Amino acid sequence: MSERPSGRAVDALRSVSIQTGFSTHAEGSALIRMGGTEVLCTASVETRVPPFLRGQGQGWVTAEYGMLPRATHTRGSREAARGKQSGRTQEIQRLIGRSLRACVDLKALGECMVTLDCDVLNADGGTRCASITGAWVALALALEGMGKSSALTGQVAAVSCGLTKAGPVLDLDYDEDSTAQADTNFVLTADGGIVEIQGTAEERPFRPEEFQALFGLAQKGTQELFEAQKNALRKEG
Amino acid sequence: MSERPSGRAVDALRSVSIQTGFSTHAEGSALIRMGGTEVLCTASVETRVPPFLRGQGQGWVTAEYGMLPRATHTRGSREAARGKQSGRTQEIQRLIGRSLRACVDLKALGECMVTLDCDVLNADGGTRCASITGAWVALALALEGMGKSSALTGQVAAVSCGLTKAGPVLDLDYDEDSTAQADTNFVLTADGGIVEIQGTAEERPFRPEEFQALFGLAQKGTQELFEAQKNALRKEG
Amino acid sequence: MSERPSGRAVDALRSVSIQTGFSTHAEGSALIRMGGTEVLCTASVETRVPPFLRGQGQGWVTAEYGMLPRATHTRGSREAARGKQSGRTQEIQRLIGRSLRACVDLKALGECMVTLDCDVLNADGGTRCASITGAWVALALALEGMGKSSALTGQVAAVSCGLTKAGPVLDLDYDEDSTAQADTNFVLTADGGIVEIQGTAEERPFRPEEFQALFGLAQKGTQELFEAQKNALRKEG
Amino acid sequence: MSERPSGRAVDALRSVSIQTGFSTHAEGSALIRMGGTEVLCTASVETRVPPFLRGQGQGWVTAEYGMLPRATHTRGSREAARGKQSGRTQEIQRLIGRSLRACVDLKALGECMVTLDCDVLNADGGTRCASITGAWVALALALEGMGKSSALTGQVAAVSCGLTKAGPVLDLDYDEDSTAQADTNFVLTADGGIVEIQGTAEERPFRPEEFQALFGLAQKGTQELFEAQKNALRKEG
Amino acid sequence: MSERPSGRAVDALRSVSIQTGFSTHAEGSALIRMGGTEVLCTASVETRVPPFLRGQGQGWVTAEYGMLPRATHTRGSREAARGKQSGRTQEIQRLIGRSLRACVDLKALGECMVTLDCDVLNADGGTRCASITGAWVALALALEGMGKSSALTGQVAAVSCGLTKAGPVLDLDYDEDSTAQADTNFVLTADGGIVEIQGTAEERPFRPEEFQALFGLAQKGTQELFEAQKNALRKEG
Amino acid sequence: MSERPSGRAVDALRSVSIQTGFSTHAEGSALIRMGGTEVLCTASVETRVPPFLRGQGQGWVTAEYGMLPRATHTRGSREAARGKQSGRTQEIQRLIGRSLRACVDLKALGECMVTLDCDVLNADGGTRCASITGAWVALALALEGMGKSSALTGQVAAVSCGLTKAGPVLDLDYDEDSTAQADTNFVLTADGGIVEIQGTAEERPFRPEEFQALFGLAQKGTQELFEAQKNALRKEG
């Protein structure tokens, strides 16, 4: 087993910071940094629901994801200019939306819609997980502002784990992510529930026991993220 | 615990059939039926590779997924007419492509591309899993026809499992899928490896032990699918 | 004059079969095979009409056409992935829609819409004509299911004819179609009416008397198709 | 039988004029007026061929068709603004292209491409036929300018005929076209050949003998159009 | 200082003509020619307003701009075929719309919409300015036909000026435009007001006093255009 | 004359700050704040040029502009999701590109391309001007990093001015911008040259002397911006 490129322990998160209020106009916002990854998450509240929910007395939570063209090592093309969102982008924003809906009582929300925009300003691996963790803070702030904190039924955070040359490790950065043998994302709740699991073999199929090791790392890592989320809200309050 | 709507045992697959050679022109094809779900999988071989692989002495395997407009209970709009593939479609075809690449030695394949088209003729739940299971047969036939069976490094099949009113069950049909509390898809190899795991909470976060139960069902179910794949190839040969 | 590549007589159709009920969910469906050409035709009934017909007390019949990417000798790109339907596709689906509307009393249909989806599973020439012939069966079944058989005012079938090295011939297959000097499609009614005629010179302008010969072949060929349609409905009933 | 709305005899064309040279930059251009229908046809020559013809020592002729938004009674939406060409537009431009290719020896043309743009400035029925008749003049001028008049192997013109309350009539205007029982377009050559026939039943299937009557009218009408084309070229020369 | 390529004086417009009534169906139309530039401007009146104005008791004026593919020296691709309008097209049509709204009292117009379509038939520089000058005439005619001439609160015309080898000059043609050091467009009112100024350095930043010289030329040039507009309306009346 | 809503003097800029190095990966980056407006400007260098410049021994500078969906008071739709950039976006990014090209010697740049991405994180008026001013800093840093500072031939900054209830004022914020009678943008060079002038009447045509007053304010305002740019580069160095 070799060292991690960053020198981190296998079960160490990168340094995490969550800054609220970065966005002037949004009902809730959080700028989350996990190492070199930086995502601006905003929650926008609108008093309408999508057509399929009209008149049903419940609300909706949805998400959109984007990456600034030069958030990455080499410039990527702008999706707005290309005229469509990539499959990757759609997959990620669908994941973020599902994850956040898992901690909201849509009936208690009432007939309104919260859109979580997660825009990556700097990318160094783990952007979808950082988006979920940050979006939860933005959402909590927006619900608080609406006087609907009770609609928030749980606390959700996400972290990636992977099989690398250093074995199973927590919170992959870009270097690790691009060479990992397996890449997994875990969206978990503070009380130990599973919201979403995505595990992908990259170079070779992996073993059930390897999967268990990754799951264990994620459980540890998200506990720290739940603290970071609570601290960010505390500072705000 | 209530009964499954279909009366099946909790660990019972639907009846499976895989018919090879349905497509006249394709280098390999398999029409797979899992209960009321029916997917036509074709493998098309082209002597070119995507731009990012040119001149690297290796091949590529990719997939596209579609659903006939009236494969479903109510007619869905035709993606070609709407002018774009939905996020769901893209997510599924990315999954199929990743899953099949996991069992091919791309260097042994040489500079050519195999495209797996999975088109759903009738839908009754589990179409992405049936697509993967059927596409593996189409791929195996195409590689055999090319004299490159050795590039096939493993056997891959997929099955969905979920938490329903009948508890954890194997191989959800549409009725179960649309009301499940959690929905998981497992793509596994015949030698017990994990290619892809996707688990999604639908109504409530689920527990690690529930996840283990679903995983166990998937391991049992895919063993039967591996048999069905081998039988289909045997009949063909 | 040389022989036809298939050895068929100049006025011989390919073997025709029409299987009803292939589609589980559609209100009517017919899988039509004409030699190596195979088209799945479904009729979907919806209780709405297009905007331009709202509140006029009449219904609408429309059609969409598609080809699976590997229905052809070499794989074609998927229209949904390219993001638009080709001019050829649009031309064909407009033709199918017009042809089927010609045998329906839209006022008797009432305010509902029947969409005929014609998806080519295997292509060997004559796909637009097979689509029309098959769609008529799917439509008849759907109307019967709605208790509106009386809205069906006629029987419509279509066949292609062309000028080849074997002279004027009936029901071109792909080999003949791709080298014909002229290519014509006739959509006719069982009582001898003309619904649509399309004739195109491919290599040289053709003569009026050649056109007459092709028309004569089409009249003979469609008589056999009308029988096949009636047989398919009889088996169903 | 009633009179035609315009008072014209059943076998009378509208007044026809073809003005060459309207377009300053095009290698050939013709502004054709048939009654209230006015189409600007330009021929543009480029020293390249489409990819599928590269290196084959032959040229290509293609066409594009458009309608100014207010060429019609009520303003239509601009196709460039909507972001796609309608099925009707594509069908028409494919017809124009095929029709003009039928009178050009593509090998004699050499490796270059002639694009015929037909833009309707004022519409009063018969725009696709006027486009073909005018485009032939623009094409002839362009070929002459290239010193390749010998690549022009024939003279092509088009006219619509239809079944109206006045019986079978020649050269429908908008009033007649929108209420005709059948609508046919004939693209013919000066030596009596058929390039394209399109016949469509609008209200009821029509009879073979009705079709013959329409064909006879078209043969008469195109003779006059061939004269008008020759006159336009004579004035130019 | 050298001569202008056309031999015109530095403060001379090209010959201007404005022909009304070219379009058969439009509520107002003007075919404007400025030297070799020719633009067909139509005004279409609809009894609806855009969604953002509904129920506010005021109307709207908007514009769309297009160029026939072969209006230019070499054929440009058709925007409808490419599936989108270029940035240049959108910029120009936004300018035309703003310019014409500046001379209409939208409340006096009432709840209706006037769309100004400006389609370039032949291009030799200055098409956006010619579009504005011609569209004003089309608009005036449409308002007159509606009995709402009083909603027209001013007279608007536009002209381009630029810094060329001949110094500051009025009304650039294509030759001058493509080599100018600075290019400016002025949209002015007959009573000396500024509606829009656009000035762009092409090869080098330009000096404030150069800008003043260009402005002076534009003031002179538009005076002549106001006369041409009035003459066109007088002939019509 | 009333006060400005912000209480600023008519010739006072908002507080300006320019932070370099915000973007981890870009060759140059500047986060510019002008009051409540905040734009992240990155310069990306690629060793390729657009097709129209290949093999000409010169480089290219281009720009893209975007706004995060919740940069504004109410959430705007994401252009990537809508599938196209608005006319406004295209107009702005064309302006930024032209403005920055005006201060680069493209031959001295050599065959490479610099893309300036300007993404608005928070919007409070004047985003296009802030983009230009910030992009100049990002560009200067990128050129310095390439060892090509000599290709930078001038210093460019931009500011908006407008006619408001407080008379002609410098540097409009959103409140002023949305109610101004006239809105102008000036892109100027440090040595007093004009790169671009855009002036638009909003409620009424404005007078030449009003335009002069706005120009004077812009000259004063850009002097302060040139200082801010130099300070930002100095801190970096």
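Order of writing sets the labels: A, B, C, D, E and F. Residues in every chain begin at 1.
Throughout what follows, contacts are C-beta pairs under 8 Å (C-beta built on N, C-alpha and C of every residue); 3 or more make two chains touch, one makes a residue touch a chain.
Values in this document were obtained by computation on a predicted structure and should not be read as measured data.
Among the remaining chains, those touching subunit A as well as subunit E are F. Chain centres here are means of the Cα atoms, and by that rule the chain farthest away from subunit E is B.
Over half of the residue numbers found at the subunit B and subunit C interface occur in both copies, marking it as a same-residue contact. Subunit A and subunit B have Cα centroids separated by 28 Å.
Averaged C-alpha coordinates give centres for subunit B and subunit E that are 59 Å from one another. The distance from the centre of subunit C to the centre of subunit E, with each centre set as the mean of the Cα atoms, comes to 51 Å. Remark: subunit A and subunit F have CA centroids separated by 33 Å (rounded to whole angstrom).
Across the assembly, subunit E contributes 83-84 as residues in contact with two or more other chains.
Chain contact topology: the protein chains form a single closed ring, every chain touching exactly two others. Remark: ring traversal beginning at subunit B, heading first to subunit C, gives the chain order B, C, D, E, F, A. Interface of subunit D with subunit E (complex): residues 22-26, 29, 36, 40, 42, 44, 46, 64, 66, 68-75, 78-81, 83-85, 89, 115, 117, 119, 121-124. Across the interface of their complex, subunit E is touched by residues 84, 87-88, 90-91, 93-94, 98, 102, 154, 182, 184, 188-189, 191-201, 204-208, 211, 215 of subunit F.
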